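Multiple structures follow.
Note that subunit A is present in both complexes that follow, paired respectively with subunit B and with subunit C.
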Partner chain A sequence: MTTDRVTTDRVTTETKVELSINGRRHVVGVEPRHTLGDVLREQLGLTGTHLGCEHGVCGACTVLVDGEPTRSCLVFAVQMDQTEITTIEGLAAADGTLHPVQEAFSACHGLQCGFCTPGFVLTAVHLLATNPAPDRATIRRELSGNLCRCTGYVGIISAVERAAVERAAVERAAVERAVTNAAAVAASAADEPSSPRH
Partner chain B sequence: MVASLDQSTTTAGPIGTSPRRKEDHRLLTGRGRFVSDLQLPRMRHVAFVRSTYAHARIVSIDCNELDPIDHPVFTALSPGFEVGLFAQSALPGYVETEQPPLARGKTRFAGEAIAAVVADDRYQAEDAAEGVVVDYEPLPVTVRAWDEPQHPVHDAALDNVLLARTFSAGDVDAALAAAAVVVRREVVTNRHGGNPMEGRAGVALWEGSARDGHLTFWSGTQIPHLVRNLLAELLELPESNVRVIAPDVGGGFGTKAVLYPEDLALCLMARSLPGTPLKWVEDRAEHLAAATAARDHRYELEAGFDAEGHLVGIRGEAWCNVGAYSVYPWTAGIEALMAGGLLTGPYKVENYRCSVRGVATNTAPSGPYRGVARPATVYAMECLLDSGARALGMDSIDIRRVNLIGPDDVPYRLPTRLIDDTGHYAECLDACIERLGLDELRAEQARRRAEGGKPIGIGLACYNELTGLGRAASAGPRMPFRTGHEACTVRINPDGKVVVLSGVTSQGQGLETTLAQVVAEAVGVNYDDVEVRYGDTDQSLWGFGAFSSRQAVIAGGAANLAAVDVRESALRLAAELYEASPDDLRLENGSFYVAGSPEAVGTLADAARVAYLESNRLPPGFEPGLDATRFYDPVMGAFAAGVQVAAIELDPSTGEITILRWVCVEDAGRVVHPQIVDGQIAGSLAQGIGGAQYEHLVYDDEGNLRTGTLLDYLMPTSAEIPEFEIGHIERPADNPLGVRGVGEGGTLGPAAVLASAVADAVGIDIDQLPLTPERLWLALEDQR
Partner chain C sequence: MKPPPFDYIAATSVEDAVALLTDERDSRILAGGQSLLPILNLRLGSPELLIDIGRIDELGTIELSDHHLQIGAAVTQQSVLDDAGVGRRWPLLTDALRHIGHAQIRNRGTVCGSLAHNDPQAELPAVAMALGAEVVARSANGSRRVAADELFTGPFSTSLAPDELLVSVEFPAQPSGWAFQEFAVRPGDFALAGVACAFDPIHSAARVVMFGSSGCPMQATAVEEALLAGAGAGDLEQAAAATVESLDATGDIHASAASRRTLMTKLLIEAASQAHQRARTETDR
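Here is the complex of A and B:
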């Protein structure tokens, strides 16, 4: 669907795109040349996505598009029709509780000015979704598409490492809980007098 | 509520611990507020038309294509644009020149703003900028500070020298004549810059009449009060009519400690379009082309040593490329004066003569960048020591040891009259070497030399970081202001919570956290009950801002003084309220305790309520309210000692360097927040490594920037930066908090360390930076 908007010196064509952003559906009219990053920031007020270089090198503007890290300065919003997008605003719980990766960035001083941080956090979320236990060398390699000018990367690498360890601990605890629960269920089932099956 | 004092309720986040940074939550959740995030009603957007020539007369600027209502265009000929930036210094040998808000008459570097266009959004503004046609008449171009000038950049300086000064002490000619050996090195360092992840941005809003309006300028500036001061002067406004707001800022590193012509242009445009907020957000290409950079230097130096390796004299010359303009407000002398003033670093030498020049060229202006000149001077100085060691057949570590200023020499007067108050260099060096495991590395180095394998080299650098410059220490450049002081207000609200209004700014250094720790401890409240506000000239009384590693020392000092005053007032009031002697009372965790009793007698919240709302309960003569404003000036500065040692491996087939180990030990004085301090060191080390190996703003002979994107200007990533081993020796400085500045030291070492490591590995002197694989491979080829 397109509509023509006439400005004083030129005619622009707007296209409607449907985006699911952080779980919420948005229908926005965009010009073909509008990048996803600009639409998120200017039209949707999602200013947590930062534009560091606008030519695809620094990675600050990284968002997840259908789960994949994507540089929002390098894709046009019109290409994003019917996609699911996660921005930095979509990670923490509604009550402000940080996502484990965000929490680890704070705990390990993985951010200073915070400008590159959204891109790093989302890239790290994707990394841990695809590789739950990366070592430091792997983390360094995987995050080398993002630039940070403040931290010297040390805190960032530690944060991702910590998030992986904590996530593994949480999962282990969940498994242990499940095993314990299953054992308790089995035990209580054994305790109960067996009833005849119907 | 009265709490009992036990371990579980002691103040969270006292000095020396690392409480959660106050900045983190908003920055991690995308709720930070950066200038580029700002959206205001009626806001319009600005794009600059930039020069495509490095040096050219502007014959005409044609904007007939553009509708003047939809797309107002501003040039140097627009009303009000007659003003300009004059960086001032009273130093003899300084030539004052003007930087206009938009190029006037001619353009002096490729990327200089010539015109500015307004539109409804940034896309349209950039379209409109293309509708402005500039007709140029090219002029001869000079790009290097040490080349014969082709055509004066400024008429006021026909030889392009904007500042010349000779630092001199003792009799260096006699000392070198009598020296056992004299070594000579000629080194050239590379232009690179701060390149913060958030570029420059501004929003200017003028409300009211052109003559008596109010200007609000949101800017990522590191120096909001200085900016207010100058804007008020240039726009002929009362200073109270100008408000400068620096919200969250995405890195600065000195690059944003400058008032740029674009900033001034934006405010002048806002005056012409009252009621319309004007927003400019630069892109990275503009940043690389037009923001200030640094360290485009050349040094020709000689050093004399006696037979034991003692430095007997240093003699030489230095050229610093100023670029096209004298940077406001720091002047064309910023790098040259620092280079000549601190070249000798932490080494004892009495005979010294160094002539420095700041030379204008047709390149982007240079300005303050983390470490100011010293990453280059430390490299030059360490090159001299390595050459001296080789000439004398000495070990490269031993020659440094015999020359380092020691604790017994302190206070040591440098040949340039600065006073070094630390002397803990050898201690840092020892700690580095111990941590590195030197003997093992030397054994491995020897093994590889004997049996083959990639050569290993060990490099080191010792440096002093002049931090927290007070009025005496900041007097050198003779600017019409002294940056020695900061103001801070500490206010206890009626609910007992504390607000700190600081004149300092933060671009990632965590000042919200550090100042809260300082104030929490000095007042006697919890860290969580302190809120720090800065970056708004309408809130804080005065501050120079963030530069020269001054924030912890000077802003921390002011916060501490104001907090102590407030605590004393609160204790005086509490003494009356709780019928105790003030001397027996103490304030901890927001509660009052009487000596000898574990139970609190009352809370700060109760007392604060009385102070603001119940004047009937105030002691006689006690003025209502609980707040204090204090200035602090350390008068001198606090030198911070630092040493870096690294082990590298070279690949002779490619010239590639792999960093095996990197150890840095600094004396940061008393550490307020260890995690933040280590973060500052790690970040500055990474910038130093970037500048030493990768980052280079390359100009061709016509003055075109050849590394104008991040594809060509290489910033180091997590794949290049090694793990760092950071250590501290904490020797409290002579100021109320005992702190030393810590933000810059890391940048000072890497070029010197890497060059020294290469020399150690393969005996090649690196005389030019950056130390790229190509440069090293070519040097190895020459050697073969």
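Here is the complex of A and C:
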């Protein structure tokens, strides 16, 4: 850089940013021109984030920034200081058990080559977090920012629908268990002689 | 592709940002970056300095009363879309926001950034003109207000000076008659044609603004007159056809100029009828 054009001492050629990625804190030195997607892939080795078009059309690079779907090719890493980021690597459990949305994509043939899948899955995770029972039209609309060139989308829509249905079933079962347990506790409490409470 | 190198400064206040704009280097404001980053990634532009205004607290607020809405330069499209008060009183704006890109884009993209960028296919410049919005432009020398009508000068161009920062946009109360119509091939795609319409029968005021088909949002004055004259079906058709005849429509791989004119004719008629209908329903209450 030529010094005669510099008018401030705050010129940034490389800067440190603090990112919390999948619950782990990272401090990385980045150039201003590095996008979040570049930093995830090239500096942190998180290559599950796929960069497709790099101008905001394909959605493959979608990650969650503070819970919101964001195209990682359309934000610079320097802008992301102090944010919480979830990438596809952050969804499965520590023992490798897939996230229910990932499981549903597998079960419904919601992927073929897999390039677009991380973006789809993260967008779907956010959709189900904000709308637990979307219909197929809603799913289609909400996923319209992600392109897939293999599946024809039908399997993807079915996967998200299935994940929603299964999650509802799991939650219903949990409620039923809780109700049964509460009834059992109440029944056994009625059998026992009452004791003074403090 | 990857962006060319540039310097980056996160401005800490509006004063700081406008002082940085006097820098000799070719500088650009970075707010949401959802239009700027594609430009940089495709190397269509290579500014020397990016001034990030995304972390300036005073630019991150939405202020609204019954008759007035002010949106700061760092406010994202999604947060305006999610604001129930805006949805109740400025449904035209909310409806237009739904058509902008996808959630991934709206979560970062800003309302003011869209105005300052003035993409010919963008929804918000047309909405700003339809509603008679004003923007506040700040420079190191002070601040001035610019009416939306005076702001948009051509494709990707505005009347803002290179050292001015668009700090906020202000919308007056929205009239009871309104409509937003747009045609895009898929949800979230750029519009091939679109119309924003605001109609106030009480004050005999109508604004019909076209976007998406030519270089800059444009008023459809003949349709406005037909709307004020009672929006007779024949009158609207005639006015829309006359308006579109003089429209310098773009022809490209997405649609021919003739297709865009046909779409625009249909959208003008639909928008004007819908705005007229809504105003009547509102008056009947």
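Keep this in mind: the second predicted complex is superposed on the first by the 185 of 198 C-alpha atoms of A that agree within 3 Å, B and C clash if a C-alpha of one lies under 4 Å from a C-alpha of the other, contacts with A are read in each partner's own complex, and residues count from 1 in each chain.
Everything below uses one rule, namely that a contact is a pair of C-beta atoms (placed from the backbone, for glycine too) under 8 Å apart; a residue touches a chain by one contact, two chains touch by 3 or more.
In this text, all values refer to a predicted model and were calculated from it rather than measured experimentally.
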Inset, instruction - State whether A:105 touches subunit B only (first), subunit C only (second), both chains, or neither. - result: first
Inset, instruction - Classify the contacts of A:154 with the two partner chains as first (subunit B alone), second (subunit C alone), both, or neither. - result: first
Inset, instruction - Identify the partner contact of A:76: answer first if only subunit B is touched, second if only subunit C is, both if each is, neither if none is. - result: second
Inset, instruction - Please work out whether A:132 is in contact with subunit B alone, subunit C alone, both, or neither, and reply first, second, both or neither. - result: neither
Legend entry - subunit A: partner with more touched residues, subunit B or subunit C: B
Inset, instruction - For subunit A, give the residues common to its interface with subunit B and its interface with subunit C. - result: 7-8, 10, 31, 33, 38, 54-55, 141, 144-145
Legend entry - Parts of subunit B lying in touch with subunit A, wherever the complex brings them together: 18, 20-21, 23-34, 36-37, 39, 66-67, 70-71, 120-124, 127, 194-199, 248-251, 253, 283-285, 507-510, 675-676, 678-679, 682-687, 709-711, 715, 717-719, 721, 723-724, 746
Legend entry - Contacting residues of subunit A [partner subunit B, same complex]: 7-10, 31, 33-34, 38, 41-42, 45-55, 57-58, 60, 87-89, 91-92, 96, 98, 102, 105-107, 109, 111-118, 121, 136, 139-141, 143-157
Legend entry - Footprint of subunit A on subunit C - complex, ascending: 1-10, 20, 23-25, 30, 33-34, 37-38, 40-42, 48, 50, 52, 54, 78, 101-105, 107-108, 186-188
Legend entry - Of all residues in subunit A, those that touch subunit C in their complex: 1, 5, 7-8, 10-13, 15, 31-33, 35, 38, 54-56, 59, 62, 65, 68-71, 73-76, 78-79, 123, 126, 141-142, 144-145
